[in-house]
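Pasting the structures here.
Consider the two complexes below, in which subunit A is the common component and subunit B and subunit C are the respective partners.
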Partner chain A sequence: MSALLSSPILRRTLLALVLFVVSVFAIDLLSGFRQGQVASIAYLAIAAGGLTVLTGINGQLSLGHGAFMAVGAYTTALLLGRWENMPLLLLLLISIVVTMAVGAAVGVAAARLHGPYIAGATLALAIAVPALAIHFKDTLGGEPGLRVPTRDVPPLADDALFFLTGTDTGTMQWLATVSVACLIVTFLLLRNLSESRVGRRWRAVRDDPVAAQLAGIDLGRSRVLCFVVSTATAGLAGSLMAMITRIAAPSGFNLVLSLTLLMAVVLGGLGTLTGALIGAVLLSLLPTFVTNFGSGMGLSDLQAAELAPLVLGLTTMAVVLLAPAGLVGSLLRWRQQARLSRS
Partner chain B sequence: MQLINTILGGLSLGMVYAAFALALVLIWQSTRIVNFAQAPMAMVTTFIALTLIESGMNYWVAFVAALVAGFVLGALVERLIIRYVDHDNHINPVILTLGLFIVLHAVAAVIFGSNFQSFPAPFGLTGFSVGDTTFNLTPTSVFTILIVIAVMALLRLLFLKTDLGLTMRAAAFNQEVARILGVRVNRTLTLGWALASVVGSLSGLLIAAGGLVHPSYMDGVVVYGFVAAVLGGLDSPAGAVVGGLLMGVTLSLVSGYLGSGLVPLAALIVLVVVLLVRPGGLFSTSTERTV
Partner chain C sequence: MVGADAHRSVLSMDDITVRFGGVVALDDVSVEVRPREVLGVIGPNGAGKTTLFNVACGFVPPTLGRISFEGSDVTGWRPHQLVDHGVARSLQGLGLFDRLSVIDNVLVGADQHSRSGFFSSLLATPGGAKDQRQLTDRAMAVLDRLGIAERAGSVVGGLPYPLRKRVALARALVAEPKLLLLDEPASGLSETEMTELGDIIVDLADEISVMLVEHHMDLVMRVCHRLAVLDFGRKIASGTPDEVRNDPAVLEAYLGGALDDDGAATPQDAKGGSHA
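And then the complex of A and B:
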């Protein structure tokens, strides 16, 4: 047992399994509406996790991750439109691979850029991809987008979940379970990757490119690899998003999505996966909360809907100015200082 | 004929992009920040002009009021927000301006509403015609081209011929040395942001003329203006103007012959190709990075 716990990878895998079983029971207890919220938190957290690795650990800024989510979502919508009974795992895998291919092409260009240039290029990407979906309206559905058919819960999974929880599994419950499972697997992989030799190289490239190159690290290859890994998570998130919202439309992947993803990463603290998760929870729950508050204060529905981005933007600016390490990062630093002063 | 009209349309559009790119370059030169919030700042001042016009004021009074509002807004943003950001980390300023981007969007949608509203044009919108053929050159687009040229000439005069311009250039070139030589660096930075915001507001007013205004009508312009600024090298005001014109004509051709849905993609391709061939832009004078 102690040998099992001394290996970080085994320990984390065990923890992930326990988390998964707990979340299966927890999701079963929730109402349908809450299950939908859990599912959307999960896919946002997957995308934010990938972005925090790219921006926080490798130092590349992407304002266009919404565009990669769009690639994953449209791939899923097109595949399901043709083969409605495609196995879920295959569907997710193809969506991820297609997004990675697009990500590799963009990453090769992005790896040669730096600072504001990469920000501008990915910003252009965030605007270009939804416009493409409108331009090719015969295949991609134009402005109204593509409808994603609802799928039944696979019998095998239904039986397995029945064995665990003793209740039948609804469609939304099934999607929430799948999303949470994907989230746990993604975070497990990202965590292991960032602690490994690959992750140390990414940090080295971020902290001092010249020194990293002298140490024999191929800068371009390291940056492209990180970009591709990050887009893979965005593709997975987009694929899940398409199935949960049952639509892939250009309006769902506007500039604001890309920017809010970045805000989630900054809010939580650049480079920590916990921070990305907290940011995603805030992003999903804040709008409902703030909008209700606004309606209560006597604003019209349209005005109240704008309060959420307002609060989000103000919070982000406050975090950048007052706690540049993000919420989690500042907390960690504060705890470290407290420990130092005690000893 | 279609080719000539497309290029003419591209020229007046290019002048607007050039003005926007110039606003970005002015700020980049002095503070090393790309002000992504320039677009919503211009949007807010355009809405101020629209509100004044709708309350019965003269177009030109509203026009000047919007530029003044732009000046004040730029100064406030620098003094209250940008001054306190940590410049060592190149990601923080970008995220700060993007946060401001979202905040201004939301504020404008709450105050002015998020539906499309039409904005009046100062002059006519029908093209000049010679014989039977009508050229895509309207009195409004002539006004656009002339006023942007005038503003550029004024800025050039300010920076090259006046003491104020000299101190601003000194502060942008090297803050520490300028401070030692007695330049009030903080004040010149505030003034620089204010001036850039005026130029940005001008481009907002010009692109709105005769068209529709809503909180995100400038979102495309920030991308095209940025690409224009990068085309010329972020450090070169003249490059920004040339880049703006190139962008306007290129995007106009793409829109006219291939379809407007491909315009953002074309901008992305132009940006990436230029940066891969000349990482510092077409007119860059600074040394290239080795890594």
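And then the complex of A and C:
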């Protein structure tokens, strides 16, 4: 057992497994509405995790990750529209691969740009991709979008979950479980990458491209690789989002989604996966919480709804001013300082 | 001072000319670095030292001329190709990765020795982890040699300048280069630190070749086996420190007795030396 725990890889995998089992039980205890919230937090966190790797670790600022989520979502919608009983794993994999292909094409262009120019190019993408969906009405459904059929829980998974929880699995519970499993696997893999040689190269390229090049790192290849990894997570997130919201429509993938992802990453702490998760939780729960709080205080529905963006904006400003490294980033820094002053 | 294989040069730059638009930065300059030798490149400001350096490490392709490394033609190679073949360089501006720890900075320098690929990193395979451990051990050995092993975990951005210089040197050394290019390594160092740097360079020359561009004459005179003197983009002299010290052309270039910081190169020392 101690040998098992001494290897960081096995320890991490074991932790992931424990986390998954715990979340299966936790999801089972939640109401259908809460299960939906868990599912949407999970897909948002997956995309934010990919973005934090790209922006925080590799230094490429993407304002258009929502567009890559759209690619994943539309791929899923089109596939399910044709083969309704496609195995889930295959569906997710194809959505990821298609998004990665688009990501590779964009990444090759982005690798030649730097700083604000990548941001500009990806911003254009965030606007262009929903417009494409509107333009190709026949295949992509135009403004109303594509409906994503609801899928039954696969019998095998139903049995397995019954074995664990002793209850039958509802559709939303199944989707929430799948999303959380995807989140855990994604974060495990991203964590592996970030701590490996690959992650070190990405950070080196971020800190000083010229010196990285001198150290034998191919800048273009390193940047494109990071871009593709990051878009793979966005594709996965988009695919899950389509299944959870049961629709792939242009309005779901507007600029606000891209900026929400970026906000999650900045709030939580650029470059930390935990930060991306916390940011995603905050951005998913804060609006409903604030709106409910507003109505509870006697505001009209409209006023209560207007309260959410205000609070979100103020929170972001407060974090940027008081904890510029983000919530998790600042926490890490304080801990490091405390350790230094002790030694 | 140099071994029996002194005739084979590690790096040989032949008839290098570099023009930036109408400006001739280097005019028909030839230098060679022999095995386990420290070659110093000196000259007044604007003489073309840094340009020659940038040509040697692949940053600036020569307009004319030929560069060969260990006998093979490497003219026009990119910096990272040269790094792959055993040429390491420590930048004048250091070029450290400020938000990385000392050990990570050094590990980036050892990157091309790593065999773990993308998928072994993604899945964190035992083979990849073992590879990383070996590299880390090697990086720690280099840090130990330069006396900064206890700072391995510190973030480089917060370190004082002399320590940062050592990290830069460690990063160049961990790649186990055959040729180390040093651009003004002593700038900003105190007298003591410069002496320590000199000891390190002398120690290194037991194993590898070094090309050193430097302003500080006492350091150059102490550690270099041979010198090449540049002035206005031309090589005006070369030879052992003693030969160069007394070369009339060198004295001319350094008019005012600025050749040596402690005034060793006064005109009465001039007895003539070997011209290039």
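The working rule: the second predicted complex is superposed on the first by the 335 of 343 C-alpha atoms of A that agree within 3 Å, B and C clash if a C-alpha of one lies under 4 Å from a C-alpha of the other, contacts with A are read in each partner's own complex, and residues count from 1 in each chain.
The rule we apply is simple: a residue touches a chain if its C-beta (ideal position, glycine included) is under 8 Å from a C-beta of that chain, and two chains touch if they have at least 3 such contacts.
Keep in mind the model is a prediction, meaning the values are calculated, not measured.
Enquirer: Should subunit B and subunit C be called a clash or a fit once both complexes are overlaid on subunit A?
Expert: In the arrangement built by aligning on subunit A, the partners subunit C and subunit B fit side by side.
Enquirer: Between subunit B (first) and subunit C (second), which does A:Leu302 come into contact with in this model arrangement: first, second, both, or neither?
Expert: The answer is first: A:Leu302 touches subunit B but not subunit C.
Enquirer: Between subunit B and subunit C, pick out the one touching the greater number of residues of subunit A.
Expert: Higher number of touched subunit A residues: B.
Enquirer: In the superposed arrangement, does A:Thr139 touch subunit B (first), subunit C (second), both or neither?
Expert: After superposition on chain A, A:Thr139 lies in contact with neither partner.
Enquirer: Considering only touches as defined above, state whether A:Ala204 meets subunit B (first), subunit C (second), both or neither.
Expert: In the superposition, A:Ala204 touches subunit C alone.
Enquirer: Mind checking the angle subunit B, subunit A, subunit C on Cα centres after superposing, to the nearest 10 degrees?
Expert: Value: 80 degrees, nearest 10.
Enquirer: Of the partners subunit B and subunit C, which touch A:Ser196 in the superposed model: first, second, both, neither?
Expert: Touch status of A:Ser196: second partner only.
Enquirer: Just to be sure I read the superposition right, which of the two partners does A:Thr55 touch: subunit B = first, subunit C = second, or both, or neither?
Expert: Touch partner of A:Thr55: subunit B, not subunit C.
Enquirer: In the overlaid three-chain picture, which partner chain does A:Gly216 touch, first (subunit B) or second (subunit C), both, or neither?
Expert: After superposing on A, A:Gly216 lies in contact with subunit C but is clear of subunit B.
Enquirer: May I ask you to decide whether A:Asn292 touches subunit B, subunit C, both, or neither, giving the answer as first, second, both or neither?
Expert: Neither partner.
Enquirer: Check the residue A:Ser7 against both partner chains and state whether it touches subunit B (first), subunit C (second), both, or neither.
Expert: Only subunit C is touched by A:Ser7; subunit B is not.
Enquirer: So if I take every C-alpha atom in subunit B and every one in subunit C after superposing, what is the smallest distance between them in Å?
Expert: In this superposition, no C-alpha atom of subunit B lies closer than 10 Å to one of subunit C.
Enquirer: Could you tell me which stretches of subunit A are touched by subunit B in one complex and by subunit C in the other?
Expert: On subunit A, the residues that contact subunit B in one structure and subunit C in the other are 210, 213.
Enquirer: Contact residues on subunit A for subunit B in the complex?
Expert: 55, 59, 61, 63, 109, 112-117, 119-121, 123-125, 127-128, 131-132, 134-136, 209-210, 213, 219, 255-256, 259-260, 262-263, 266, 270, 299, 302-303, 306-310, 312-314, 316-317, 320-321, 324
Enquirer: Mind listing the subunit C positions that touch subunit A in their complex?
Expert: Residues in contact with subunit A: 57, 79-80, 83-84, 89, 91, 95-100, 104, 107-109, 111-112, 114, 116, 118, 121-126, 128-129, 132, 171, 175.
Enquirer: Would you pull the subunit B residues touching subunit A in the complex into a rising list?
Expert: Subunit B reaches subunit A through residues 28, 34, 36, 81, 84-86, 89-92, 94-96, 98-103, 105-107, 109-110, 113-114, 216, 219-220, 222-223, 226-227, 230, 234, 259-265, 267-268, 271-272, 275-276, 279, 289, 291.
Enquirer: Can you list the residues on subunit A that touch subunit C in the complex?
Expert: Within the complex, subunit A touches subunit C at residues 7-9, 12, 189, 192-193, 195-201, 203-204, 206-208, 210-218, 225.
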